[in-house]
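Each of the next two complexes has chain A plus one other chain: chain B in the first, chain C in the second.
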Partner chain A sequence: MITDFLIQFRSETALTVLILLLLLLKITREVKNETLLQWMQLLLCGVLLLIASGPFEGHLFGSMFIATPLITLEKLILATGFLLICMLHHEWLKAHEHLIEFLILSLSSLLGMFLFISSGHLILLYLSVELITIPIAAMVNFDLEKRRSSEAAMKMILSSAFASGVLLFGLSLIYGTTGTLQLNELPAALQAQPLQIAAFLLVISAFAFKLSVVPFHLWTADVYEGAPVAVAAFLSVLSKGAVTFMLITLLYKVFYPLEAVGYPLLQILSILTVLIGNLFALRQKNLKRFLAFSSIAQMGFILASLSSYTVAGAAASVYFIIIYLFSNLTAFGIVQIVNTQNGKEHLESYRGFYKNNKFLSWALALSLFSLAGIPPTAGFFGKYFLLIAAAAREQYVFVILLALNLMISLYYYLNIIRLVFTKSPEEMETVRISQPAKLALWIGIAGTLLLGFAGNLLEHIQSIMN
Partner chain B sequence: MTTPGLYHILTISTALFFIGIYGFLTRRNLITLLMCIELILNSVNLNFIAFNKYLWPEKLDGLFFTLFSIAIAAAEAAVAIAIIIHLYRNHHSVDVESAEELKY
Partner chain C sequence: MPQASILLIPLLPLIGFLVPALGGKTIFKKQTGWFATFLLAVSTALACSTAWNYFFSYGKENGIYQKHFPFHTTWLQLTDTLSIDMGILLDPISALMIVVVCIVSLMVHLYSLGYMKHEERYAMYFAYLGLFTFSMLGLVLSSNLFQIYMFWELVGVSSYLLIGFYFERPKAVAAAKKAFIVTRFADLGFLIGILALSYQAESLDFVTLLERLTQPNSTYLTQATTSSFLGISSITWGCLLLFMGGAGKSALFPLHIWLPDAMEGPTPVSALIHAATMVVAGVFLIARMFPLYALGAPEVLDIVAYTGAFTALFAALIACTQTDIKRVLAYSTMSQIGFMIFALGVSGYGGTAGLGYSASLFHLFTHALFKAMLFLGAGSIIHFVHSNELKDMGGLRKSLPVTHLTFLIGCLALSGIPPFSGFFSKEGILLAAYQQKPFFYGIGLFTSLLTAFYMFRLYFSVFWNKPQQNTDRIAGDGGLTITLPLLILAAGTCVSGFIPFGQLVSSDGIPFSSSLHLGFAVLPVLLAIAGISLAFLFYQKDNLRAAYWSEKLKGFYKTTYHKFYIDECYMYVTQKIFFNLIGKSAAWIDRNIVDGLLSKTGSGTQVLAEKIKSFQSGKLQSYTTWYLIGIIVLIGLFTFFIH
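Right after this comes the complex of A and B.
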């Protein structure tokens, strides 16, 4: 019993211990930020190894908590992302006077994500959604002296509280019509009654809020612009990744009996998301806002492949999330490095960036190429598999519309690369990169270049999904 | 006089839910917005308890869910009020319209 607990609950236990240690540290003694961050990165590597120490199947607490090889892989992805964020935003974190609080909040949110993706009961699902979002709202406020940051935090907490109200109402209807809260008992109890369809719609719209899918995307750009860059990266990669993973479980296992409703719904949502995300990304002048809309558009492609309801679609989405993690974190990391140095985040201020910052320019270009989906980079393969999966139902008009949207997105990604590499009278001075950030950038570049050729990764994901 | 049944309670809770949504979309004061969210969450609690009592009385799932959701609502309100107080220090107002630096 206790060994079961220790084995399956190992990553969550480790994170909880880490959080408690940080709390104690905060009360008892002063530590220099630099040393704390180094220890943190070391301990996070330990957590990574702990998660990777083996995929164990099983469940705990009366199947409230589920562990499968797929969930272990997803936790590994999320923890890697968190470690990369800690390294890329080293400079900003080091200078922040409330570093310990920031780490406690972000680790709690990560713990929430771990519990979220392995939840097997609706109570745990709801609790962990809140454990993800409440700390993030506090983290958005972490540029304490900036007015924009507190405005963004206000928008974040109000919209996420509203979304969780909607989610709860959906869950209560599910409970009323089926009489169970256990995820593995739900599929047998769902028969597409009208009330169950209403519950499905409410739950999906709450998830769409968290994923910033189009009719529910209005908070995204404001929050990304106002929040510190590290938090924007955290939101756009980790929280979206975790919600996507859980959405896969919900759509494919729990709500499978309602597939006839889910298929057209997801298709419409994905087309809308891709189109509106692209059109708004075209006109952005601020790099953080731009990345917000680009991440909205990327979510649309993931929804498109999920709408096919095939294992290939789910596997392609997980694979794409891994690629997206490396490319998007690299892009956000560069924005952070430049922003900490001179406070610039406008697109225009990147004109002539190449002259003095060769390495950063190439890294930025690579990550944007990957986000746009241009062949040698991994983003191309990710998008390719997503579109192939979306075409599984032979709805070719849908796939052609998606492909046309890819072309629109090429314009704005390439536009930034053009700005970076053109000459300009006022070039940006050389930006200093700290050692951990440099290492993380190299990891990101390696990820964006090599992951596309790791075809057996996709096969591996597909095999553990069955 | 009939005793109240499931449908009466569901009518009240659904009405509360939509009153909450209406208030959330129309009000301009941040504290009022929080109260509207509280209305939504309480309508859900009513739902859970009613379903538990009338439809599935043999297990206590609904009741437990209500307990958890009350606790979480308190935590959420605490963080939201902290954020709103900080916003008030920066903007000297708790009106939604006063926070309008971030837009297209």
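Right after this comes the complex of A and C.
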């Protein structure tokens, strides 16, 4: 029992220890932010190694907690993302007076994500959702002197509370109609009664809220606008990644008796999300908001792939999340680096950016190409497999609509690249890049370029999914 | 038995192309020409020995010439039954053609060594010649329709490169483009024809395809004759479209317009491509598919005959009035190809009824030799006087003695004067026409008269007409590399008529003997002599008779001088009708409908993006309201309607 606990619960234990250490540090002594960050990055690497130390299968606490190779991989992805955020936003974090609090909160949220994707019981699922969300709401407030930041945090916590209420309502309906909250017992108990369908829709809507799926996305705009860039990146990549992973488990392992409902539901939601997300992104004049909105549309493509209810669709989604993580974090990181230095995040201020910032421009262009899905970047392969999966049911109108939306997204991504590379009388001065950020950018670039050719990665995901 | 060494015949010229094209020209420099010529000489030796062995040792079984496949490989296996193969088919006509192509190409290579030596892009010239020779040999040795189509296009490309060799001249560029576009247009028909026929026969292979579509009771033939499009059966369509491709390459009316302009290329190229080899590809194609035409679609064969006869007459008329030496020869080539084509058109299948088939290929063979010689001679003349115009020439007998002699032999052969080769082959054609369709015999006779007239108009204008040129420019024939090819070809012209051609090449592979009827030959020869005499009267001395008669026949003369205004018709159709009607309307559709649709989508997206702004009110109450509405709608939808 105790060895099982130590092995399967190792990443969660490590994070908890880390959080406790930071708490102790906070009340005992002053540490320079620089040193703290260095230690933090080092320790996170250790956590990564710990997670990667092996895929172990099993369950703990009476099947409340599940460990599979797929979940291990997903945890690895999330932890990598968190490490990249810490490195890319090094400058901003270093300058922040409440760094320890920020780290405690973000690590708690990460711990929530770990528990969330490992949960085998709906109560643990609910609790971990709260563990993810509440620290984020606090983190959104971390631009302490800005009122918008506080407003965003307020909206975040209130609307999340609402979504949690809906989720709980759904869970109670499930318990009412089936008599169990154990995920592995649920499929046998579901018969697609109207009440169960309603419960399913309520649960899915809470997930849709987290993923900013239309029409549950309205909180996103205000929160992203107020939040610090690092938090926006955390929200739009890590939190969405974790929710997507759990959504795959729910759709494919738990609620699959309701496939007849899930299939059209996901199609409708995905088309709405892709379209509205694109329309929002089109209007943005602020690069941070733009990235946040374009991520809404990206989620729509993931839903489209999931709607196929095939292993290929699920595998393509996980694969896409990995690629998306590298591309989007790189883009967010560049926005942060520029913003910390000169406070600029307006699209127009990037005009002529190339002149003095060759490396950053190329990195930005590459990540945007990948997000737009242009070969040979990995984003192309990611989108390609998503669309292939979405086409599995031969609903070609649906696929054509998705492809048309890809074209719209092409417009706004390329528009930014155009701005960056056009000449302008007011060029931005050269932006300094800290060493960790530079390293992280290189990692992001490598991921963006090489992952597309890692065809066996997709096969690997597919094989551990079965 | 045939060996795979036959593969070397086309591959050696390919090496001659690849080595200079891939950078060897900087290593070899001026030696490139000799290198290419050497490779081709080896090819030629191989081709001759292959043909000799085929015809006289192993080709015949039980008295019938068999088809041999010395090399065969599957290139693309598309389905279980359909594959694209690469192979070599050796039968009488391909054995004949490799000899013709190799010999003429070798002569042109030799000639070019001297003729082109001052060119800056000397090495590339030989590279292009190598590419052409490779493609042409590949074409004639092809064992299936797809392969022939590939080489057909390669031949077109190398022709394009060589016509446009002097690319600093706008006229050469225009001519190259014209040739390419016109033949490409025809090739579109060719491709559709290939698809139609291979679809019906479910094979691309010549032997299989011909067998399936010509056996009287085969299901393939019934299928191909009963399925129809626009009231015409698919086998007819296939043959017709195949002929369209052939007509484009062989410059038959109305697709002939590119050939006269193609004379902008270097003169040796005109000799090789636009007189002896590539332009007869159409004849070769019809001959290759002949059983299909004769047995499957005889009505198309009639069209072939009429097209050929009309082209022969039409081109001969134009040739009488042109003043550019190369253009006269070009029209003469068209006219002679017309002869070959209508000979095929009047031919039957098998036995002596197939005389037209043998005569056509015989004429192809003899014509290749003497027309190449005439063009090479014209090259010497042009080189000497620095002009293409007849008015700048005259009295060149002493200045160019070798050219004079060989040119005279060529003219005599072309006019059909015995014992030169042209006489024998043309007699065969006329006899075939006389036996099968006398109407064509009449056209053939009249055209022979015209042929003799325009050839000797050329001869007298160039070598007589004016007093001797000043003597210090005597012996302008050039070196041995220039005169040797002329002499070899002249020798060939003198002796090749005596080959018993029916014994070698016949429509069904069974040799037959065609005897020459002396009595039958009298009329054509008399007409040829009449034509020569007329030319003698008009052009032997500088006089006004020709001018007087052209004034008399002013309207007709002008029409023929302007080539019956065919080019103008094309210009009218393309410029006024295509560009204005189709081009402009297509541009309008593109600008207003396609672009309009796109820009409307763009602006519409913007407008929509403005519209949904109101949802983003910033008020938390409205956000949650939308959330609730969304979930209620979804629950309603799925519990009441969809489920």
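Simple rule for what comes next: the second predicted complex is superposed on the first by the 466 of 466 C-alpha atoms of A that agree within 3 Å, B and C clash if a C-alpha of one lies under 4 Å from a C-alpha of the other, contacts with A are read in each partner's own complex, and residues count from 1 in each chain.
By definition in this document, a contact is a pair of C-beta atoms (placed from the backbone, for glycine too) under 8 Å apart; a residue touches a chain by one contact, two chains touch by 3 or more.
Just so it is clear, the structure is predicted and the values come from calculations on it, not from any experiment.
Participant: Please determine whether it is chain B or chain C that touches the greater number of chain A residues.
Facilitator: B
Participant: One more residue to check, A:158. First (chain B), second (chain C), both or neither?
Facilitator: Touch partners of A:158: chain B and chain C.
Participant: Have a look at where A:229 lands relative to chain B and chain C in the superposition and call it first, second, both or neither.
Facilitator: Neither chain B nor chain C is touched by A:229.
Participant: For A:279, decide between first (touching chain B), second (touching chain C), both and neither.
Facilitator: second
Participant: Classify the contacts of A:179 with the two partner chains as first (chain B alone), second (chain C alone), both, or neither.
Facilitator: After superposition on chain A, A:179 lies in contact with chain B alone.
Participant: Determine, under the contact definition given at the top, whether A:205 touches first (chain B), second (chain C), both, or neither.
Facilitator: A:205 contacts chain C only, not chain B.
Participant: Tell me which partner A:148 touches in the superposition: chain B (first), chain C (second), both or neither.
Facilitator: first
Participant: Could you look at A:264 and tell me whether it touches chain B, chain C, both or neither (first, second, both, neither)?
Facilitator: Touch status of A:264: second partner only.
Participant: For A:216 in the superposed arrangement: first (chain B), second (chain C), both or neither?
Facilitator: After superposition on chain A, A:216 lies in contact with chain C alone.
Participant: Figure out whether A:126 sits in contact with chain B (first) or chain C (second), or with both, or with neither.
Facilitator: In the superposition, A:126 touches chain B alone.
Participant: Under the contact definition given at the top, report the residues of chain A touching chain B in one complex and chain C in the other.
Facilitator: 155, 158, 162, 166, 221-222, 280, 283
Participant: Quick check: in the complex, which residue numbers of chain A touch chain B?
Facilitator: Against chain B, the touching part of chain A is residues 122-123, 126-127, 130, 134, 137-138, 141, 144, 147-148, 150-155, 157-158, 161-162, 164-166, 168-169, 171-173, 175-176, 179-181, 221-222, 225-226, 280, 283.
Participant: If we count contacts the way the header does, which residues on chain A are in touch with chain C in the complex?
Facilitator: 155, 158-159, 162-163, 166, 192, 194, 197-198, 201-202, 205, 209, 215-216, 218-219, 221-222, 260-261, 264-265, 276, 278-280, 282-283, 408, 411
Participant: Which positions of chain B touch chain A when the two form their complex?
Facilitator: 17, 20, 24, 30, 33-34, 37, 40-41, 43-44, 47-48, 51, 55-56, 59, 61-62, 64-65, 68-69, 72, 75-76, 79-80, 82-84, 86-87, 90-91, 99-104
Participant: Okay, in this complex, where on chain C does chain A touch?
Facilitator: Those residues of chain C that touch chain A are 602, 605-606, 608-610, 612-613, 615-616, 618, 620, 622-624, 626-627, 629-631, 634-635, 638-639, 642-643.
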